[in-house]
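Each of the next two complexes has chain A plus one more chain, namely chain B in the first and chain C in the second.
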Partner chain A sequence: MNSVTSSVTSSVMRIGIGLPLFLVAVASYFLFPGQLGLIAHLFILAIFALSYDLLQGHAGVVSLGHAVFFGIGAYTTAILGRHGVSDPLVVLVLAFLVSGAVAGLLTRIVVVGNDLTRLLVTLGIGFLFFEAANKANWLTGGADGMPDFEVGRLFGLYAFDFMGKTAFWYTLAVLAVVYLFLLLVTSSPFGVALRGIRENVRRMHAIGAPVNRHLAVTYIMSGAIAGIAGALLAQTSRFASLDMLGFERSAEVMMMATLGGTGSIPGVVLGAATFGYLKDMLSVISPKYWHLGIGIVLMLSVFVLRSGIAGALAGLARRMERRA
Partner chain B sequence: MITAIETSGLTVRFGNFTAVGDVSLTVAAGTRHALIGPNGAGKTSLVHALTGAIPASSGTVCIGGEDVTHLSQAARVRHGLARTFQINQLFRGLTVLENVTLAIFERERKTRAFWRLAASDKAVIDEARSHLAFVHLDALADRPVHSLPYGAQRLIEIAIALATKPRVLVLDEPAAGVPAAQSESIFERIHALPRDLTLLFVEHDMGLVFRFAERITVLVGGQIMTEGTPAEISADDRVRQVYLGRRGHHAAA
Partner chain C sequence: MAGIVSVIVDGIAYGMLLFLFSIGLSVTLGLMRFINLAHGAFAMFGGYVAVTLMNGYGVPFLLLLPVAFLATGLFGAVAEKLVIRHVYPMPELQQVLFSIGLAFAAGAVANIIFGPQQQPMLLPGWLAQRISVLGIDITGYRIFLIGAGLVAAAALIALFSYTLYGARVRAAVDSRRTAEGMGINVSLLFSLTFGLGAAFAGLGGALAVGFLGLDPTFPLKYLVIVLMVVAIGGPGSIAGSFIAAIFIGVIDALFKYFVPEIGGFVIYAVLVVMMVFFPKGLAGGRTA
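Coming up: the complex of A and B.
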């Protein structure tokens, strides 16, 4: 089912829908001036979900520990900020490099094996990093997190304001760059090879493909981009804490990608935004029981939106084409 | 004589069971060589061990005179050894064209590039279209593979293998699962392959084997029973017995 829908959705929703999505995002600045902080947060979630979906949706590699890289990005930002490195873009690049490097170190144990072993290994890695961050009080602040560190002005001009104006444009710009980058990667010969691995890894070996190398590159890219997302959250919220690399965040990114339609770049952005918005809305309605609402939405989405939001939109597009 | 494939003492064991036992097989370059034998004779296991899909328990494999015993499957492909599968192993969600271009991108080591568009590499796409034209599927290039009938998918198996530019092509029951009329046309395409490409194929249909093979190796119980020209094999009483005996056994069961 997955492969069928992804080829359809990718052809329907390749670059076409990116521009309207961007315009809607820009419009939201003027339509919801009181919600800029929330919207910037949705952009960050979208970057994180895109980073994860490069693994799951394109290469077919599942992971339950992707928040590790998100957390590393966040802590890198906080630790650098405490040591006087606070230029947002410099920090962003460093977070990208650090989380990519950690992904590079982990790739050997993640890439080998099958889906089940990968789930267990990535789950284990997630727990290890969580515990390490918890215990390394001197570096990470342990369970209290890191509330006070310096975040500089963007380009030396724009401070991160209370209304979230700077955060909005900053995160939207990074999201656009990541979106275009992944569009290019997934349309490249490398991207075709990733889909080849997803579709039939056995045949990939039989055509002489360096499968493990491809997966290693993907894992590093994916980890590095997740690190960017984590850095953005730390910069815009001025906070880094354990929940940024915890299991729940790892599980959430899987849900966001699935809800949006794994393998579809615009779909995953919509999935992350929908998930983030629902979570926020439900926790306002009931701070205690919001998990209940998310659970129902997730289960419904599996039955109603079989291939995510992207699949539903592609189906709609097909129906309209037939009518026209 | 230049040897395309040479195995010596090739053995594959699964626990106590010997699937391939001490097989020393030589295929001359440019030959069309058939591998036959009853079900469970170890033909597919031999193909796996030759191509490196499973490791040999002992023995050696040489391709074009080079010892590849300790090379991975992917490395053997780079030495010019390609294969097709008895049961389709295709990239089902990708288009027919993408299935073939992917093999070319890998051969040219172009899959390292993530900063270029795959669709803009005209040389690769033209080559892929020529492989598809060879198997008469160029008209279906943009269709997803899973939407094609099984017979057409069997031909994509071959087109992908050709795209690796092999010197030796191992075909594991290339016409398995298709009606007799279609297996004819699949073998007609195999027959039309360039003469300098060495072919080793597994096939059950004796009519096809005797028509298209120049040499035949008979595998029984994981071991080579005999080898010879089609005329020699068809005259061999033991071979007839193996096949008749098997048929008799089937009837009894």
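Coming up: the complex of A and C.
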């Protein structure tokens, strides 16, 4: 009981961090009017990273194939758009449902087994979907991707403009909703149970907690939210392609969560934003230097930055407190 | 009929390379519980050593192989001693992150030094010519690959089954604590074994250039299939890995040749199905 009340108070505190983050995000609209497309992309990455971190940071399930759901969300959007279903919010809900349903189908084979087999299964599923999307030319356009499909006006009023104004507010709003939803989930008794599974599965089994059902629900939620992120990227970029469900994207989402500090919701948002911005910067120079940079950062992060940006900030805050 | 046989021979040759790529990973996973997603980088290292020596210095092909073997082994042992051993005690997520980072960085370094293109390798005439066996034309190089794979497998099995070193490794795989308690220097054993695994991957990489090609995406391209070999063979089992490698090589070759529409797809389906039904691999349970 104690841990539940303390986690509720800590969730209030976390909203306290979320508010300035939100204000900074709003301010960036006025500060960088030429970069709105990039900023909207960072919001989308943040949603994707949050979806993954629900699985890894809170339930302790490591997945090497999370981009599958991102890609399914993106392709759902593109395919619906080609068939005349183009209202952004309707499509978003459908993408959420489709990727959640696929996660539901996969959950039996992902949740069983120990950590190593889980890594391999998720990796195998990732490549399976990639190859399937690659070969199903008639549905997905194969290696060429799907460039032209219809994206309607938001609320029937706001078209997605070249400057990214609509995309900015739209993705920010979805990010805020996902953020609050995850705060609620992780501070609920269910979230506490997940933490219990992460810390000590055996004990959770011993006290009679339905571990596999908890993990299945988490996997489905996580997949559905990743689908939302993929749908948002397809809507704002009007493109769906193979790289949206490739291994590299699955690895990237891990890196974002780690960079931010797994298990910390505001940390993961910051991690995703930092990662996306660095990638944009370094890729302009050259993709090979980007890979080298991210490789070195990852290797170092294991040694020096174990708890990510969130951990570093928390450490800083503690030091400040001690000084005061 | 002749078509099927030559595809199967292709698959076996491919399987031999997979065996060489994966044996180090299998042993390190069984011995040190270290999930090394960057193991393919050692194969790539061996490949680039071979290409550089051949095209830059005209070193003959047969001399390349031991050099690639030794150079990669040394590189692996040094990397283990300096950095990688500090990753063993970490939780698996950290291991995964570290080794993915290493794989990305290795690919990028290769890209910066050698460029993104495929590396050429001119095989000596006696390997490039076709040989007719029982009326079927087979490239000499495939036979050479199969021979090299068999020799390597036999040497490894002999090493692990009949030498003191092998007995120590097996003891450490079964129970590290007991092995240490009996005075086995497990940490030295780790370095040696890691180097040995890297050396075989390097040999595989050098052999692979003339068959699979070599470019900076190599570590990630063969990551899944190498992990499959280890998972299906059962971590720490040499014979298991050997059988799994041949099995996967042949299946992959057959499907890619006869059903190209779904060819690349089947192998991942096999992985998922195997993992669901045999989570501990075919050899089963030894490292549970």
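Following the convention adopted for this analysis, the second predicted complex is superposed on the first by the 304 of 324 C-alpha atoms of A that agree within 3 Å, B and C clash if a C-alpha of one lies under 4 Å from a C-alpha of the other, contacts with A are read in each partner's own complex, and residues count from 1 in each chain.
Keep in mind that, in the parts below, contacts are C-beta pairs under 8 Å (C-beta built on N, C-alpha and C of every residue); 3 or more make two chains touch, one makes a residue touch a chain.
The model shown is predicted, which means the values in this text are computed figures rather than measured ones.
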Check your understanding: Is A:D161 in contact with chain B, with chain C, with both, or with neither (first, second, both, neither)?
Key -> neither
Exercise for review: Could you say whether A:D144 touches chain B, chain C, both of them, or neither, answering first, second, both or neither?
Suggested key: neither
Exercise for review: State whether A:G208 touches chain B only (first), chain C only (second), both chains, or neither.
Suggested key: first
Practice item. Quick one: name whichever of chain B and chain C touches more residues of chain A. Key: C
Review point. Residue overlap on chain A between the chain B contact set and the chain C contact set?
Key: none
Point to revise | Touching residues (chain side chain B, partner chain A) in the complex | key: 51, 53, 72-75, 77-78, 82-83, 85, 89-95, 98, 101-103, 105-107, 110-119, 121, 124, 144, 146, 160-161, 163-164
Study note, to complete from the structure: As the complex stands, chain A meets chain C at residues 56, 62, 64, 109, 112-117, 119-121, 123-125, 127-128, 131-132, 134-135, 247, 251, 254-255, 258, 262, 288-292, 294-299, 301-303, 306
Point to revise | chain B-facing residues of chain A, complex | key: 2-4, 6-7, 184-185, 187-193, 195-196, 198-200, 202-211, 214, 217, 221
Study note, to complete from the structure: Given the complex, residues on chain C that touch chain A span 29, 35, 83, 86-87, 90, 92-94, 96-98, 100-109, 111-112, 116, 216, 220, 224, 227-228, 231, 235, 261-262, 264-265, 268-269, 271-272, 275-276, 279
